[in-house]
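What follows is a pair of complexes built around chain A, which joins chain B in one and chain C in the other.
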Partner chain A sequence: MSEPDDLQAPSGPAIGQDEWVARHGERRSQRAGLIGEIEERARRAPWWAWLVLFVAAFALLPVVSHDGYIRRVAFDTTLYMLLALGLNVVVGWGGLLDLGYAAFYAIGAYAYAMLSSPQYGIHLPTLVSIPIIVVIGAVAGFLVGLPSRRLIGDYLAIVTLFFLQITQTVLTNGDQIAGHDLTGGANGIINVDPLHLLGHPLVVQHGGVFAVTYLYISIATFAVVYLALHFVNHSRTGRAWRSLREDGLAAEAMGMPVNLLKLMAFSFGAAVAALTGTLFAALQTSVFPLQFSFPLVITVYTMVILGGQGNLAGVTIGAVVVWVMLEFLRDPGDARILFYVVGVLAIAFAFGRTRKLAVLLGSLVVFGFAAHAIADAINHDWVSGPAANGFDHALSHWVIIPTGLANWVGPVSYIGLVCLVLALTLLPARVRYVALVPTIYLGTFVWENVLLAQPDATRYIILGVMLIGLMILRPNGLLGERRVEIV
Partner chain B sequence: MDTFTQLTLNGLTEGSTYALIALGYTLIYGVLKLLNFAHGDVFMVGSFIGFGVLKVLGGAGDPKLPVWLLLTLMVRGGMVGCAILGVAIERFAYRPLRDAPRIAPLISALGVSFFLANSFQLMFGAQQYNYGIFFLDGGSLFSKGFEIGNVHIPLIAIITILSAFALMIVLWLLVTRTRAGKAMRATSFDREAAAMMGIDIDRVIVFTFVVGSALAGAGGVMFALRVPTAASIGFVIGLKGFTAAVIGGIGSIPGAMAGGLILGFAEAYIAGYWTTRWSDLVIFSVLILFMLFRPSGLLGQAGIKKV
Partner chain C sequence: MAAAPLLELRGVSLAFGGLKVVSQLDLHVAEGEVVSVIGPNGAGKTTLFNLITGIYEPDEGDILLNERSIVGLEPHQINRLGVARTFQTLRLFLNMSVRENVMAAAYGRTKAGVVRSMLRTPGMRREEQEIRRLAEEHLSFFGERLKGYRWDQPAYSLSYANRRRLEIARAMATGPKILLLDEPAAGMNPVETHEISELIARLRTEAGFTILVIEHDMHVVEGISDRVVALDHGVKIVEGTFEQVATDPRVIEAYLGTKAAVTK
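For the complex of A and B:
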């Protein structure tokens, strides 16, 4: 017999509320201990607190460090954060695969360059030219988005990619359109004015050091764009976009203006990209066609997907992580430290605090010294590679670094490594654990001898691998919204 | 008239290469409904494998084997190597995503393309590789041949065109006359229904990747016989191969052949009669119009989207 009160207040979900939604709080598992505590606190903090904290951290950077290089990296990072925010509108919210995104960036940069350089003798004040450029970008996005009314998925991807190629062709050959020099061709447009605020030009270099003003302008732009997109996302339009992404047909059946929504997504994304292009052109004081090519698109995609499509905070973090990583990879010394730190952390994360971890690390160290000793015994040249001081020197007793690598060693070891890693994913867990030791050692060998020698190729290889791996292992990225499964 | 003959020849040679790539796109798209962005890079890998075989066998200047045998081995090597590569790509990059949203394998394919192109740049540098000149008795692959009017038709063009057409005929027979081809067509028509009829979908997909990638490999070797190859060629060539596949109607085999030839001719005539500067622009613009107004291509069938 149940109490009458039970009938009055049923314990199940309320009417009109999904049980899954109702139990949201219960399903969230909390970690034990201090980490769990911090995690829970962090989760409860409102989104704007994070934004303020993040922007403040960026703004304080020039105070902490007077290094021009670090300021420049911070500036570039904010540019990529902006690009990632823009691409997130198209890909993350609209669900439209836009591979021509760099074209809008190019349009913004070239528009700024044309409106404020000796190319046409026009020198508009920045506060006038920026609205013009944003409108140009939005219109370009609208026009390129028109095909999305008829095409979906890969067809749309390829049309936008063609658009990027066309933009590149026009920019590169634009110095001879009917005998007129419109875009400066492959040499681009140079002597572009820096930004003008209230009648004062903002110089890029201040006493030989990167001017802080640009960093503040870019971070302020980021904050404004972030806020705007946040409110758009929580508006009717934002919700409509997400329904479009999940199921366009269903959205249309619900009476949503699907075509208009797609075009709006394209326009918003393109406008953000054009605005970013303006900052880029003003800082560089020059623009070249090759700065806006396909690798840029891949880089921004990796940021968006790593951070989590559809999540503003996620794509921002993704942009920071990816760009800082790419910067680290420029310098062999930094790249080396990054590699070992990330490697050890990844192994530790994969195994947790278990005996397996200790055994793996121990046997890795032993294996390395043994292999090093054997190589040394056979031929001293094999291990007498250049070793700097400190960390690198200690390392050179463990990993094999030959002086002068024979031509075939690089390709063979690299291909061998790729094959081994792929094979590992197919092996049963026990065998995989044993085979992990030589694979990791081969990995460090290849890293030291092959990958570090060519930072450019290495950076893009890592981006490619990240794209494949993320799509397979964690398509939601770090902070992405989980897609609703439609049965 | 001589110009016309020359341009037609150029178009036919280039077009047959495009057709070989387009066939791979079409086959894989037909079975998986996936635009395999990495296909152009498979083509690039094929050209490098051909170069490797050539190096091992003594180089073009001083071959250890008769030239004809050497050429055959190079093409075979490219086909086999690319077939293995294609199977690996399918197994590791596409199969885990087969039931994911359609955007996922596309992004994975972009990753594969980027990975391949830059891996080859890492291993072999960004420079161009030239196969060199193959000497035959009384001339080379370029100088021998015959004349039509004042136009010299080199042996290399004849080899490229004939072998491309031979491969296409073999493919056509394979798809229309064999059990495996029937399974492929069935899978392409309706994957689920085919699976219910007892067709092993995984095997069909692997087989498709073997055939498609082998064609790209053969195309890569024959391309590099004429033009120097480099690690970065895959992107643009892949784009053009895809263009050809779309013009012909993606999913249709005769369409891909026709599309490749049309693209080759168009490029040659635009370059010859007008300017090379804008030929890419014209082709890509035409393609965008094509996709907008006739997305099913010349020979494709319009698909009906089921709700």
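For the complex of A and C:
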């Protein structure tokens, strides 16, 4: 660093010399022992080392497990990782609230289906169709961006949401456009070719088990997209995108063509989504309009926000966490274990290693058995719900699971729980602590009798609860860096 | 004046609805000059900057840069023609590092497209190194005040005075001919204010910028200005050397009201 001559070095601490404070983080001593050593090493590992490790973990999955279901979940996870990466360009870097993101996913999937199915009798080789589809996606993103480039925030959200709805409407009614069947309508396009590499079709099922090839292709695609986006992020374009997110007016005044940059962000995100759609359609060998609806957008948003907007590694982790959790919740048995483990951990985390924690857990157990005994004494039907063995069996002596639950009990207990939780936030600390016991117990009752019965709705309720919890603990997402708002 | 001015405003007017913010303003800044704009709050000083940088378009009149009209151009185009500014309210890219703030501003001076960036071609990497060096050079301009260990920290971690310095460094990185500084000494302590005067002098002599500056601190204005322009209600009331302007009764009236009102 060259220093101008006429600024003589100050003697003694000068005003504004806060180097000591600013460098505090560097001097913070590392933790002792092996954990500290590992922490230190991990902190120093370059970004690409993590990427290699992560991709290798996915690639080794089929070696470790021959379970077709696990492979399939891993494949779906990589699709969501890709979608999250693409949305991150628009939302995390560009700062543009795009609620129509699933439309580009649909465009990619339908483009692949149309270019490789009997629908039009076209069967392009994959290596030809993929570049075409990526360009189609980018152009679609550009076109949606055109009317939106002067819109920000809520207005942009409305326009993009409208675009998603219109895409779905067109796809659903596309079988009667001027008497021609263009999109297969609500029945979608079926008999789509699997991916073709160098003339060989890659079958999806191999001896009844999900073929590993698709997992390898999707994880390789992920690695390529991740690398490309990482490099773009550390180029003038990436910096300009982030400048635009931070302060559009200042970016414009500093020579960055803001409108063009917005269009580029849209195009980029859309191209990634379209590419992902291709993999999806090839694997499903069919596409339907309903697969690209608004809940998908919400799921991908959750991944991006939960992982940390603007951080590529973060949104990837976010996609893994959210999708694996949603899969877990599909199966009532797994969901139940997840619920109780996370529940106990959350309570333990909230109270730390204190006597309060022991008292709370103790009184929860006692309260549960007492309530169970009282219910049993009044009417045995109230506690005669299905009880399996092991964990479930022990549980059925504690939580009340009636048979032949009256219709009104479910909604009433659910609403009651919501009211109780809201009331808890208003109560003074001491009363709240006592009231926590029946609230948690009611929570388990609602979980067992209401939520477990409707897994589809429950998955999204849990997702919402998780987001709220995370936003309190880590407002910037798992790997998100601390961010400040411009005031 | 022999040579044509670098920046010239001819009869520029702007109204927001019925409110005339700037009316019939003539202004010229010659190459290498430091011109200060003073005036009470609401006199139209920042609006003047917004007009020059293309954020607002004038209702009437013309703005010329090197004898070429820049009216109707987008702000980023005007920036690339050689006009850079700082903001009175500080508009940094707060969640980016100090170095990135400056590097981002070099956007208009670089060419590497997205595809080249994705492939990290040798040309792109060279360019990247070049703007990195450029950014560090601009940051080094502030010497002890904005030291190297700060450059990788996020901009929000900077003190208020350093944020002002970073805004200047960012404006410098766009490669301008003329710098528009909007109250560079606002919110600074006396030592820092004194430094700002020296800094503006160095921006002219060492970096070779022409400077148009809005400033309230009369010591700063006195120390730096070749010429002072006083605005009130969007009208230029006086123009001349600091002594001429500072002693002009119209300027005193603009700041303090009429004499009758003051004595009462």
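Assume the second predicted complex is superposed on the first by the 432 of 487 C-alpha atoms of A that agree within 3 Å, B and C clash if a C-alpha of one lies under 4 Å from a C-alpha of the other, contacts with A are read in each partner's own complex, and residues count from 1 in each chain.
The criterion applied here is as follows: a residue touches a chain if its C-beta (ideal position, glycine included) is under 8 Å from a C-beta of that chain, and two chains touch if they have at least 3 such contacts.
Only a predicted model underlies this, so the values are computations on that prediction, with no experimental measurement involved.
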| item | value |
| --- | --- |
| Which superposed partner A:A394 touches (first chain B, second chain C, both, neither) | neither |
| First, second, both or neither for A:V258, with chain B first and chain C second | second |
| Which superposed partner A:T237 touches (first chain B, second chain C, both, neither) | second |
| Which of chain B and chain C A:A228 touches, first, second, both or neither | second |
| Contacts of A:L249 with chain B and chain C, given as first, second, both or neither | both |
| First, second, both or neither for A:A377, with chain B first and chain C second | neither |
| Partner chain in contact with A:I305 - chain B first, chain C second, else both or neither | first |
| Touched partner set for A:G464, first chain B, second chain C, both or neither | first |
| Contact residues common to both interfaces of chain A (with chain B and with chain C) | 249, 483 |
| Chain A-facing residues of chain B, complex | 34-35, 88, 92-93, 96-97, 100-108, 110-119, 121-124, 235, 239, 242, 246, 277-278, 280-281, 284-285, 287-288, 291-292, 295, 307 |
| Residues of chain A touching chain C in the complex | 1-4, 6-7, 9-10, 14-19, 22-23, 228, 231-232, 234-240, 242-243, 246-247, 249-258, 264, 268, 481-484, 486 |
| Residue ranges of chain A touching chain B (in the complex, touch as defined) | 91, 95, 97, 99, 147, 150-151, 153-155, 157-159, 161-163, 165-166, 169-170, 173, 176, 249, 294-295, 298, 301, 305, 410-411, 414-415, 418, 422, 425, 450-451, 454, 456-458, 460-461, 463-468, 471-472, 475, 483 |
| Chain A-touching residues of chain C, taken from the complex the two chains share | 53, 55, 74-76, 79-80, 84-85, 87, 91-96, 100, 103-110, 112-114, 117-120, 124, 128, 131, 136-137, 140-141, 143-145, 147-150, 153-154, 156-157, 159, 161-162, 170-171, 173-174, 189, 191-192, 198, 202, 206 |
